[in-house]
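In this document, chain identifiers A, B, C, D, E, F, G, H, I, J, K and L correspond to the written order of the chains, with residue numbering beginning at 1 in each.
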Amino acid sequence: MASVKSPLNDAALKAAGDALQGALIDLIDLALVAKQAHWNLTGRNFKVVHEHLDEIVALARSGQDDVAERAVAIGANPDGRVRTVADRTTIPQLEAGYLADDKVVAAITDILAQIIARFRERIEATDEPDQVTQDLLIGITAELEKQHWMFQAQT
Amino acid sequence: MASVKSPLNDAALKAAGDALQGALIDLIDLALVAKQAHWNLTGRNFKVVHEHLDEIVALARSGQDDVAERAVAIGANPDGRVRTVADRTTIPQLEAGYLADDKVVAAITDILAQIIARFRERIEATDEPDQVTQDLLIGITAELEKQHWMFQAQT
Amino acid sequence: MASVKSPLNDAALKAAGDALQGALIDLIDLALVAKQAHWNLTGRNFKVVHEHLDEIVALARSGQDDVAERAVAIGANPDGRVRTVADRTTIPQLEAGYLADDKVVAAITDILAQIIARFRERIEATDEPDQVTQDLLIGITAELEKQHWMFQAQT
Amino acid sequence: MASVKSPLNDAALKAAGDALQGALIDLIDLALVAKQAHWNLTGRNFKVVHEHLDEIVALARSGQDDVAERAVAIGANPDGRVRTVADRTTIPQLEAGYLADDKVVAAITDILAQIIARFRERIEATDEPDQVTQDLLIGITAELEKQHWMFQAQT
Amino acid sequence: MASVKSPLNDAALKAAGDALQGALIDLIDLALVAKQAHWNLTGRNFKVVHEHLDEIVALARSGQDDVAERAVAIGANPDGRVRTVADRTTIPQLEAGYLADDKVVAAITDILAQIIARFRERIEATDEPDQVTQDLLIGITAELEKQHWMFQAQT
Amino acid sequence: MASVKSPLNDAALKAAGDALQGALIDLIDLALVAKQAHWNLTGRNFKVVHEHLDEIVALARSGQDDVAERAVAIGANPDGRVRTVADRTTIPQLEAGYLADDKVVAAITDILAQIIARFRERIEATDEPDQVTQDLLIGITAELEKQHWMFQAQT
Amino acid sequence: MASVKSPLNDAALKAAGDALQGALIDLIDLALVAKQAHWNLTGRNFKVVHEHLDEIVALARSGQDDVAERAVAIGANPDGRVRTVADRTTIPQLEAGYLADDKVVAAITDILAQIIARFRERIEATDEPDQVTQDLLIGITAELEKQHWMFQAQT
Amino acid sequence: MASVKSPLNDAALKAAGDALQGALIDLIDLALVAKQAHWNLTGRNFKVVHEHLDEIVALARSGQDDVAERAVAIGANPDGRVRTVADRTTIPQLEAGYLADDKVVAAITDILAQIIARFRERIEATDEPDQVTQDLLIGITAELEKQHWMFQAQT
Amino acid sequence: MASVKSPLNDAALKAAGDALQGALIDLIDLALVAKQAHWNLTGRNFKVVHEHLDEIVALARSGQDDVAERAVAIGANPDGRVRTVADRTTIPQLEAGYLADDKVVAAITDILAQIIARFRERIEATDEPDQVTQDLLIGITAELEKQHWMFQAQT
Amino acid sequence: MASVKSPLNDAALKAAGDALQGALIDLIDLALVAKQAHWNLTGRNFKVVHEHLDEIVALARSGQDDVAERAVAIGANPDGRVRTVADRTTIPQLEAGYLADDKVVAAITDILAQIIARFRERIEATDEPDQVTQDLLIGITAELEKQHWMFQAQT
Amino acid sequence: MASVKSPLNDAALKAAGDALQGALIDLIDLALVAKQAHWNLTGRNFKVVHEHLDEIVALARSGQDDVAERAVAIGANPDGRVRTVADRTTIPQLEAGYLADDKVVAAITDILAQIIARFRERIEATDEPDQVTQDLLIGITAELEKQHWMFQAQT
Amino acid sequence: MASVKSPLNDAALKAAGDALQGALIDLIDLALVAKQAHWNLTGRNFKVVHEHLDEIVALARSGQDDVAERAVAIGANPDGRVRTVADRTTIPQLEAGYLADDKVVAAITDILAQIIARFRERIEATDEPDQVTQDLLIGITAELEKQHWMFQAQT
């Protein structure tokens, strides 16, 4: 079975592929973390935060598809298997059991800040190798930063 | 922070909660596996199988929400964190890299058959403790069995 | 060509398969009978009954698909060919030519009552073998009984 | 005027009819109570609770229609007149005048818990007489328990 | 807990509040009466009247919300609790059990005529105190009179 | 009960009525055949052919309604009862049991070719008697020929 | 101001233009007659006939636009002014005041039969001069004949 | 056949009924005039004015229904027959044949101004007798005056 | 360039025009103030208040269009230029920088109360001169008072 | 690779195929011409003509698909390649660069007139060989003639 | 109350914040200017330009939200208060009173050209500091330049 | 007739204009090629590839509009006339007659690869002259590369 022929040279493919794979890990775990909080949430602001977390899930899931399909489109195989994500994620994990709303808001704010920092490095890293990939990462970063502001504003 | 007061007694809560937590692990990993195949697929039937896999993702994701929210509704905390899923899943994992369409169809058929067998045990296990939970599991099983037939018919 | 591997054992498959095949015959002929009346209707209440009959058709057609696809999903081949339906249906047949609205309402009320009685036997018969199939039959029975009431209320 | 002919025998009809009539009283008063709170609410969480209460109203109203139409479909006349509901309801009534949001959340949590307990008895009571009615009650109970969790999580 | 500050003076508030509370009682009971008939209806015109009654329900329910929210917007607490409605309603109540379609049409025609007469008094009574409230009542009256005509035309 | 007064003279009515009745038989059985294949299909192209067959069902069902209602509109009673269709259909019947996708494609191609030949005769036969009926038959033939091409192109 | 240049020769334009102008008069007055009945209707079947008449209005109005725009597209000025319609219409006029539902159904049946007869003459008359115009008239006739059947079936 | 019982006394009914009948004549002819212009229009601004005229038609047609149904709702029979409209309309009639766009804009501006003047008299005349009717007329006048401005602005 | 000819006399035009211009200033600045708060908001209730403020913006913007187009429809030129609004607005202005949610809720409650008082004066002022304009102002006031209640209920 | 088996004999296929291929060339180039004008347009009526041209594009594109798919459905291969269209089109070509709106309207009017003349010949040519093809061509001609009128009316 | 923590360093924040604040002033005043023209417009092309201006309003309003929310997302407080906009805007202001359509088209063309020039400077200025902000500004500029072309094409 | 005034200087305009004109030729011919294959396709995967090709057509057509309108927005006249496209296209042309599905998939994969290479050069070429144009080209390239992957994956 032949691999997809890349429109990029090897070095560019490597750089862009790494950036996209890193983004994929971040976005898959972000969706899982946000769902975990969505389900186990408690507190006065339950209803609002419960629904707000699903906006994060929707953003993370559509972002996953975009970065993974971009990866394979340039000839790099994305790896979104559960073991891979569990091993490579650097997102701070939530406790088991009930989660108080204010702690969730603080945790998500912090997680988004960390992910954004990594996305900004990836924007940097793809500037030369592939502006098409960079443009995709810029678009996702804009959405992540908007959500970061909204969670931070509630703290 | 007080826990949610369950409409079930302790034994029933334990039985139903275990069934739901098991279902949650299955459905989260099913979505991840189906996405992995969706992205890395190749072969003459690429387009059809690529889109068919997203039906599995949609089914698995809406099922996740239903079982996790049912769990917390009866007072059991669902755990869908990536490490938990990676450690407990019994779904056979896909290879990294490109995946041929016929092998994907065979793998998904097999995975669905295994998950269905576990769901049928969970239906059994919740018959006494909680018919509301059982009814939810029956509904998801019906959809899983329909997809199992559709994938099997292509082999 | 390999057959679909059933999630049920042989006895359960036989029982569920028979119930579904019987339901399929009833629902195919119900749709044909209701269309025949829909087309040849006359009388003061023509417009209302004409449109009401199409609700029966819609219910019967979606029910057909559900029971036939459930049959094949458990490994039983549904048979909805015209000769099979003509030979096995036990629904009382309508006269050729124009049909007066009050007679149609009475006939459909009677036909629905007979079909419902058979569906209740099928619910009985699938309780042990396959609760997933039973759940589907319960759902269709609920709709048939609702329509039965509505037609009966007009008599 | 002839009554609707029931698909059930007399004892089954009595049992199912009683369960449905009880459910109807609960659901009509639930809708009225939720609207009363929706209108007279005050407090920091006004907007969220105000809108959340309308989800209860929507659930209660669609449930009313389902149980009342199920009752008449099996040949039992539902009674949803205001005097009947006022006399038979066992839901604790709200005070007149403004209602503080946290007290409303607590009251609705409590009311839902009581209604759920009665619905679980009705599921029990209809298991033998009529599985179609039981299935309907299971479905409504699932939704009530989901809302119960969501209100309880805010306390 | 502070009450809502009214844009009206005390006398105007009293007059407008009374008109709105009266309208609320009428509209809540109208919805309950129309649903009771919707469920227990029989007769040749069952289907048409059954559906027509739900137009009354929809009108009564949206009217309830409008008058109750107008009341609280001007600083008067609406009271729509079941005991209040049962005690204060002057709408002639329906019999229990099956209801023949022609009798239902006559009863609804009569009930609407009585409600309209009271709404016209309320339009009168709010002309000085609050034209905003009056405008709302005029709008609901127009719809009630349209439905009154449609029911009367069938008698 | 008076029959519908035809806008056509007796000979024209006979010719147009016969053409429409023949078309009705073809279209009812085409829908049943396509559903039978839709349910019992297997093979590599299962998903595509499974869905393609439902396009045939949709076309056949909307065509049924059009020809049957055209028949009664000109004063000829359509007969779509199951016994009538079983006795008069000339469509080659499918085997019971699983059906391989390539054989289904070949069978549907052949069946459509036969039906089209009969529709072209009916277009011929209605040219003089009733251009309105002819126009309807031309429209359905265009759709049948489009589907015939699409199935044939897959062989 | 220059007139629209016709794609037809003078004789064909005259024939097609006359047919279209005649159709326009019929369809404008049909809409007015149906609205008059829609408003002044009484009787047991009020609701159904009231709504059915609006289907006639919708058909007549969309037909008006089609024939008038076809006329101007071939270079003939349509005349749909009220005086022209009043002077040239041959549709039997309704009485002033209330109209009983059965009489309305009979009257509309009769009016449609007369209009259909004229449309069939117009189909005849345009066969040679302009098949595009003829095709439009055939389409409208099919709809008129369908409505004629539906009204006649209620008598 | 009994007439509709009016919520108004005789004098009020007379005044409101006259106002509504006058409005009906204006709105029916306005729709016919606007359609006549819509069809026979020519000039540089054809497309814009052609579409703008259909906004007038839509407004006039929905207004017709509102005033006629209001008339019968208060017990006055609306008369919208073609002869009645032709005899009583005071709207200046358009020439036959092609109509230049600037002349159409001027004519519609003038016609709207005349109709508005009559509607303002009707608002005056219904102030005492029936505020519900008055409110309807105010609403239509607001729309007519908005269109009057838009046509006038183009002159 | 000719001005729009008014349906009102000079005094009425002056009174109605002044009322509408005043309303325009209020509604343009209300939209700007609400957006300023929407953007700079912080606090525990950020998400709910952030979205609630956009309901104010939507109401203010659709109100702007309605009053400005009403003004020009009666022949008065609305002035919504930024300098005009800045000079004439009497709405208390927000601070620059972040705004705490509870202070925003209090400020909007106060601003709405002031605007409502002015709208009630405008309703008064247009009663004689132009009931069409008055009806528009009554409609906007109803919406402003509903929002005023909702913001006040949160304080 | 086998060719599609035609429902027509060879002579009929040749005639119908030629007519459809000719129509295809016309419609592909019509879309290209209309887009060229859509993009390079200038003048006072820019906005209206710019949007009107896109209606031509939509009509031409849907027509292309219909004639090309009809061609292949009867067994004739359509040829819509750019070289074929460039060589065979007889549509007068537009100048490069900016195009004044009045000249564009005149050019499109002229182009439509020429295409209509050829379509009328094709309707003639397919009358014997294939009425299904003819019916399709009649439908497209009707739309072309409607657009021709609308462009001509602006000149 | 803590300020939002920026993902940018101080210098980048200053540069990006200034660009966004400048864009906000431009877009708020653009919306106000376009509305002023939308309301006071006159002339032959009134309808088209009136509607075209609302496209500008929609673009300006969605742009406002995007730039203001981007500002706060990076930790800079946007200032869109009326006094701020009035003092800082450099857009040439429209005259009071009626505005002729050709003058409006020329004015909007000119205003858009000036705003575009400033946006291009802002794209320049944000290239280093923040590519996410730059990407947003590029997107808005593309839309502004498209509208600039469309207005310019009408001059 | 004045040309559109460009926001770019002459050199930038030349570079961006050339890139856009080249893109236009590619996208127009891509749509024509994809349609040619869409119509003449045969083979086992006919249905899937037939529909997949229409995604290419949709992408190419929306891309055409975007690049052509961008060209004129910066003051460069796009040329999309059939002769221009035929002369300048470098896309390898398809054979006449039937086209086997696997050969079509290979051909489209190859064509997309060539077009992508040219688009990447255009992204390069517009980096200095006009980032707004570049951003548009990046967006289209992302979509082309996604489709390229999907076609390549089927080979």
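Criterion: a residue touches a chain if its C-beta (ideal position, glycine included) is under 8 Å from a C-beta of that chain, and two chains touch if they have at least 3 such contacts.
For clarity, every value in this text was computed on a predicted model and none was experimentally measured.
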Exercise for the section: Give the fewest steps needed to get from subunit F to subunit J, where each step moves from one chain to a chain it touches. Expected result: 1
Handout entry: Chain pair with the higher count of C-beta pairs in contact (G-H, B-C)
Key = G-H
Practice task
If you line up contacts by residue number, which pair in G-H, E-I or J-L shares over half of them with F-J? Let me know.
Solution key: E-I
Completion exercise
Whole-Å distance, C-alpha centre of subunit H to that of subunit I, is 32
Exercise for the section: List the centre-to-centre spacing of subunit C and subunit J in whole Å, with centres computed as mean CA coordinates. Expected result: 49
Problem - Gap in Å, rounded to a whole number, between the CA centres of subunit L and subunit F - result: 42
Practice task
Scan subunit J for residues touching two or more other chains and write them down.
Solution key: 2, 4, 42-43, 45, 48, 69, 72, 135, 153
Problem - Touching residues on subunit G, where the partner in the complex is subunit E - result: 41-48, 50
Practice task
Would you tell me which residues of subunit G are touching subunit H in their complex?
Solution key: 1-4, 28-29, 32-33, 35-36, 39-40, 42-43, 61, 64-65, 68-69, 71-72, 77-83, 85-87, 89, 93-94, 96-98, 100
Practice task
Over in the complex, which subunit F residues touch subunit L? Could you list them?
Solution key: 45, 48-49, 52, 102, 150, 153-154
Exercise for the section: Spell out the residues on subunit J that touch subunit G in their complex, using ranges where they run on. Expected result: 113, 116-117, 120, 123, 135, 138-139, 141-142, 145-146, 148-149, 152-153, 155
Fill in the blank from the handout: Note: in the complex, subunit A contacts subunit L through residues 2, 4-5, 7, 69-70, 72-74, 131-132, 135-136
